[in-house]
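Each of the two complexes below includes chain A, the first together with chain B, the second together with chain C.
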Partner chain A sequence: MITGFLWKGVVRDRGRSIMPFIVVTIGVFVVVFLDGFMGGMLSNMIDMTARFDAGHLKVVTKAFEENDMEKNNDLAILEADALFDQLRTHYPQVSWSPRIYFGGLLDIPDADGETLAQGPVAGTAYDLLTNQVESERLHLANSLVTGRLIGSGKEALVSVDFAERFEVSPGDTLTFFGSTMYGSMSFTNLTVVGIVRFGNAALDRGAIIVDISYARQFLDMENATTEIFGFLPDDLYKQEEAEAIKRDFNTRFPAWEEDEYAPYMLQLADQSGMGDMLAYMKSITFIMVVMLVFALSIVLWNTGILGGIRRYNEFGIRLAMGEPQGHIYRTMLLESLMIGAAGSVMGTILGLLLALYLRKYGLDYGSMMDNISMLIDPVIRAEITPRMFWVGFIPGVISILIGTALAGMAVYRRKTAELFRELS
Partner chain B sequence: MRIIKIKTNQIIVCLVFSVITVQAFSQSPTQLLDAVDKNLSADSRIVESTMVVHGKRNNRTMTSKSYTEGTAKSFSEYLSPARDKGTKMLKLEKELWLYSPSTDRTILISGHMLRQSVMGSDLSYEDVMDDRKLTETYNAELSGEEEVDGRPCWVLSLKAKVDDVAYDAQKIWIDRERLVPLRQELYAKSGQMLKRILLSDVRQIDGRWFPMQMNYKDVLKEGDGTDYIITKIEFNKPIPAYIFSKAGLKQ
Partner chain C sequence: MAPQSIISLTDLVKTFPVGNGEFTALNRVNLTIDVGEFTGLVGPSGSGKTTLLNIIGSLDCPTQGEAHVLGKSVSTLTAREAAELRNNHIGFIFQSYNLLPVYTVFENVEFALLLQGIPTAKRRTMVMEALEWVGLTDKEKSKPSQLSGGESQRVAIARAMVKKPAIVLADEPSANLDAANSHHILQTMVKLNEQLKTTFIFATHDEKVMQYLRRIIHLQDGAIVRDETIGEG
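After this line comes the complex of A and B, so read on.
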């Protein structure tokens, strides 16, 4: 009953509600949108890092883990097939895939077969011929600028920057010169079948992609692999699940405690500073919400004081008519709860709408990423999560309640004995 | 009379010792370096060698045969293991060419690639390429006397006098009697030691002293270094010209 009466007052007396409503709407809108945008950015980063650098889980030798930056193949996993079988047996829900990294020179021959040009390349070997999932996971078909995907051993995909710099086209045969796993010289002729663009400076600079079965031949890595990547079901990263599998593996196979070449499992949060990044993003959201509550409370406190001045006479009459100060205070809080809820609903809707727009069309900041080596897609898309329905709503309501609670204290300073003098 | 005889003997011993000492001290650091160059350098050299790379995880052994003419021309062919057999390296002046039989390609190695390790060893292509005499590339300064493996040595500090040397400074321990280095430390411009070489099994061949075994240690790399063991060496033998031609790489 009283609620309906108060609601009518809020709706009919716009001067009482419009300002707090706008303030709450804007604040909640900003929080909801930023939460979706930053969540999208984080998901983008997790996705790119997982696909190209860290997996959701990764098995390496302990020695390799300690020298991760060098990506030395002489620290690679040996007897990889047996390890693979164990991983598939114990963790069948995870999609496991071996990868080999290698570096060296790609040499472009002239008509006489002598060096015409050459450039350094960072190579990655994926299981492309027997595992279709890897190709899909890397979005290779979408990244293809020209040519086709790898169909047999001695074929390679070359990154667009390298291809443009050295005028390489599909059909050209290049010679790779590098080191085998044991340090010997490694030479092989590779036919370029496609040029790829991943849209990321770090990947497009000087990359070459080959199939892992052939890489094992020219790098002398039979039954060996640099790393084994693991992806959780639906390629969806869940930090707790990944952590549980990692702990189980490292407890089940504790040889790494004694042997630095024994396998050791990592999860995404352990690599490339992703753990810090995840914690940082969570902190940012928390700080954002606290700042919203603080800033809005200050603004709404001020708005409440102005409203209190405007309604000075009204409160005086209500007090003179015998309404207790506590009742007036509670009705003010109830009114602000209504305004806060309405503003929060509106702010949430607007935030969700803008996030939806950016989810569909994305924000392309590729031109700013030319010299950035981070694994992140240059088109950032916001994401929509259930969290967005309350992340702004609750702080929006709380902030107006705090603001009103502070401003409404003035009611308790009114003295009944002075009311007639004030109202006359 | 007896006292006089003893005194005479003592005087003779002292004189001989003094003459030897004065003779050694009379050699300036540059002259010492020149004497080292005379032992190590030759108009031409044909070397059969075994290289053992003591890696962190395993050891690898490879054999090769090399031909060197002066300081500008050098050719090496790997004879084993099977994977590396037939791989050839040709140095002509400042260019280094590699030939791989598996690709039938001749590849030019240049720029930063010259600092890369040869066959995973502790030697870089630059180390292999630079055959210049020490007197041509470094100024020397005597910095002391020490023993290496029980042999008295002069210790020289070398500072590069040309820009295109791989190491800005060296410290070199020269066997006082045989005038060959027994230990070398190679330094970067920053003063950081990059490599250490221990030379041993010094033999007299064709009237010169020559270390037949060397242990190279890249101090920035894990492992126990690389042993370079000369199994056969011939000095100043004529080498056919085709050996030092690019066309010869494919033969």
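After this line comes the complex of A and C, so read on.
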């Protein structure tokens, strides 16, 4: 019965409700939006890192894993076809894909075939001709600035930075100089068929992409591969699932314990500091929520004190009428629960709306990324998750309850013996 | 039939600490008030009127002596028991009307019944009855800001009376009103006193109020100096 009575007071007395409502709304809005935005940023990092650097799962030799910064092809996996069969048999839900990294010099000839320029290049070979999924996963079609995608073995895509630096265009033939898996010299001619821009400095700086079947020929890596990437269903990374597959593989194929050239499985969180990054992002959200509760509680405590001064006579008359102090205190908490719930709903809606907007249109900060090597898309899009429906709501309600609980203690300090004097 | 005592004060003393000493607000007060009295505590400021109302209203405890209200010893009541006594049996009327500004006239009067947990339908009947006593049934949906001073005080009377308390304590109820409104609210209270046998106790030095009192207790320096029953000569 008293709830309806209190609700009328909350709705009608804007001086009582509007300030706490606005404070809670803003706080919850910030948390919900930042949760969606940071979640989107994290997903973006996971996605880019998975696609280009780590996979959700990755099989390498133990020796390669221990020297993974060097990307030495002499530590590559041999008998790769047999290993593929095993992986597809035991983990059919995972999309497996081989990759080879290579480095060397590209020689750019002039019209007469003489060397015009030379530049270092970092190459990656993907399974582009037999596995359409790999091309889609790399968003190659969308990244193409000019030209076309690779259609046969001796063709290559070069990054836009490299193309601009050495004035390379589609149709040009380049000569690659490098070394084979066994250390002997390797060279081959490649025809540039397209120029790509991934929008990420780490990928766009001096990169060349070829099909893996031809890379195996000129790098002397028949039935070998540097790494085998695994992607979970729908290309969605699930840390627990990836960890379970990794553990199973490393238990099922324990040869790596004694043979450094035996395959060994990693998951995304094990690589490139991603585990720390994931833990860090989770901590950030937790810290953000704790800070919100703390800051809002302080503000709402103050608001509650001001409200208590405004309603000094009201509480006095209620005490005189025989309402126990504990009951007045509980009604204050109930009122704050109503205001907190309303503010939290509003803040959640506003946070979701802005996150939805940023999911659709994204925030392009590519110009700030020119010199940053992180694997992250320059257009960050917020992510909408079920968590956003409560991540701000609960702290919003809790903070106003704490603020009111602290401010409301003043009711217990009120002396009934003073009421006649105070209310006259 | 002999009148029934509703308030009994015996050798009542109330002191307050002042600096290193103490101030005696009530000094060995002995007083009995019967059911249905229309009584005034009269005296200059500092004579102990409000302190006496505080103790009778279970808002404060005596330092010494006994105060029995409706058979209960005020000194031994816990805060919750004192609140219950006020909630169920004592109504208050203040010089300032102290209506809750965001609520309507109806809701202001209803609040006392909400605290008692009375069901909605019965509450409505009781509130409308109380508003009828004070002649404000047509104002039930008005807000306090839309009322005159006299109307506001009549709402305060309805709020005090709606639960049909045994005792109503009124502290200078007409101090903020003009003569016409003062007489109006006092006549209303006299009528309720007669109809409901509610005991009214006023703290006042307003001549207009004194015209209506049937017993005047004069206080000075915390002691009763004269206790006169009007009409007995």
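Just so it is clear, the second predicted complex is superposed on the first by the 422 of 424 C-alpha atoms of A that agree within 3 Å, B and C clash if a C-alpha of one lies under 4 Å from a C-alpha of the other, contacts with A are read in each partner's own complex, and residues count from 1 in each chain.
We take it that a residue touches a chain if its C-beta (ideal position, glycine included) is under 8 Å from a C-beta of that chain, and two chains touch if they have at least 3 such contacts.
Note that the coordinates shown come from a computational prediction; the quantities given were computed from them, not determined experimentally.
S.K.: Using the touch definition from the top, say if A:13 reaches chain B (first), chain C (second), both or neither.
M.R.: The answer is second: A:13 touches chain C but not chain B.
S.K.: Quick one: classify A:182 as touching chain B (first), chain C (second), both or neither.
M.R.: A:182 sits against chain B, while chain C stays out of touch.
S.K.: Looking at A:317 after the superposition, I want to know if it touches chain B, chain C, both of them or none. Which is it: first, second, both, neither?
M.R.: second
S.K.: Just to be sure I read the superposition right, which of the two partners does A:220 touch: chain B = first, chain C = second, or both, or neither?
M.R.: Touch partner of A:220: chain B, not chain C.
S.K.: By the touch definition at the top of the document, which applies to A:111: first (chain B), second (chain C), both, or neither?
M.R.: A:111: touches no partner chain.
S.K.: May I ask you to decide whether A:5 touches chain B, chain C, both, or neither, giving the answer as first, second, both or neither?
M.R.: In the superposition, A:5 touches chain C alone.
S.K.: Taking the contacts chain A makes with chain B in one complex and with chain C in the other, which residues are shared?
M.R.: none
S.K.: Going by the contact rule at the top, pick out the chain C residues touching chain A in the complex.
M.R.: Within the complex, chain C contacts chain A at residues 50, 53-54, 57, 59-60, 79-80, 82-88, 90, 92, 94-96, 98, 100-103, 107, 110-112, 114-115, 117, 120, 159, 171-172, 203.
S.K.: Mind listing the chain A positions that touch chain C in their complex?
M.R.: My answer: residues 1-2, 5, 8-9, 12-13, 16, 313-314, 316-325, 327, 416-417, 419-421, 423-424.
S.K.: Considering only the defined contacts, which chain B positions touch chain A in the complex?
M.R.: Interface residues on chain B, with respect to chain A: 53, 55-58, 60, 62, 81, 83-84, 87, 98, 100, 102-108, 113, 117, 119-121, 246.
S.K.: Okay, in this complex, where on chain A does chain B touch?
M.R.: Residue positions touching the partner: 63, 74-75, 105, 107, 109, 113-115, 118, 175, 177, 179-180, 182-185, 187-189, 220, 261.
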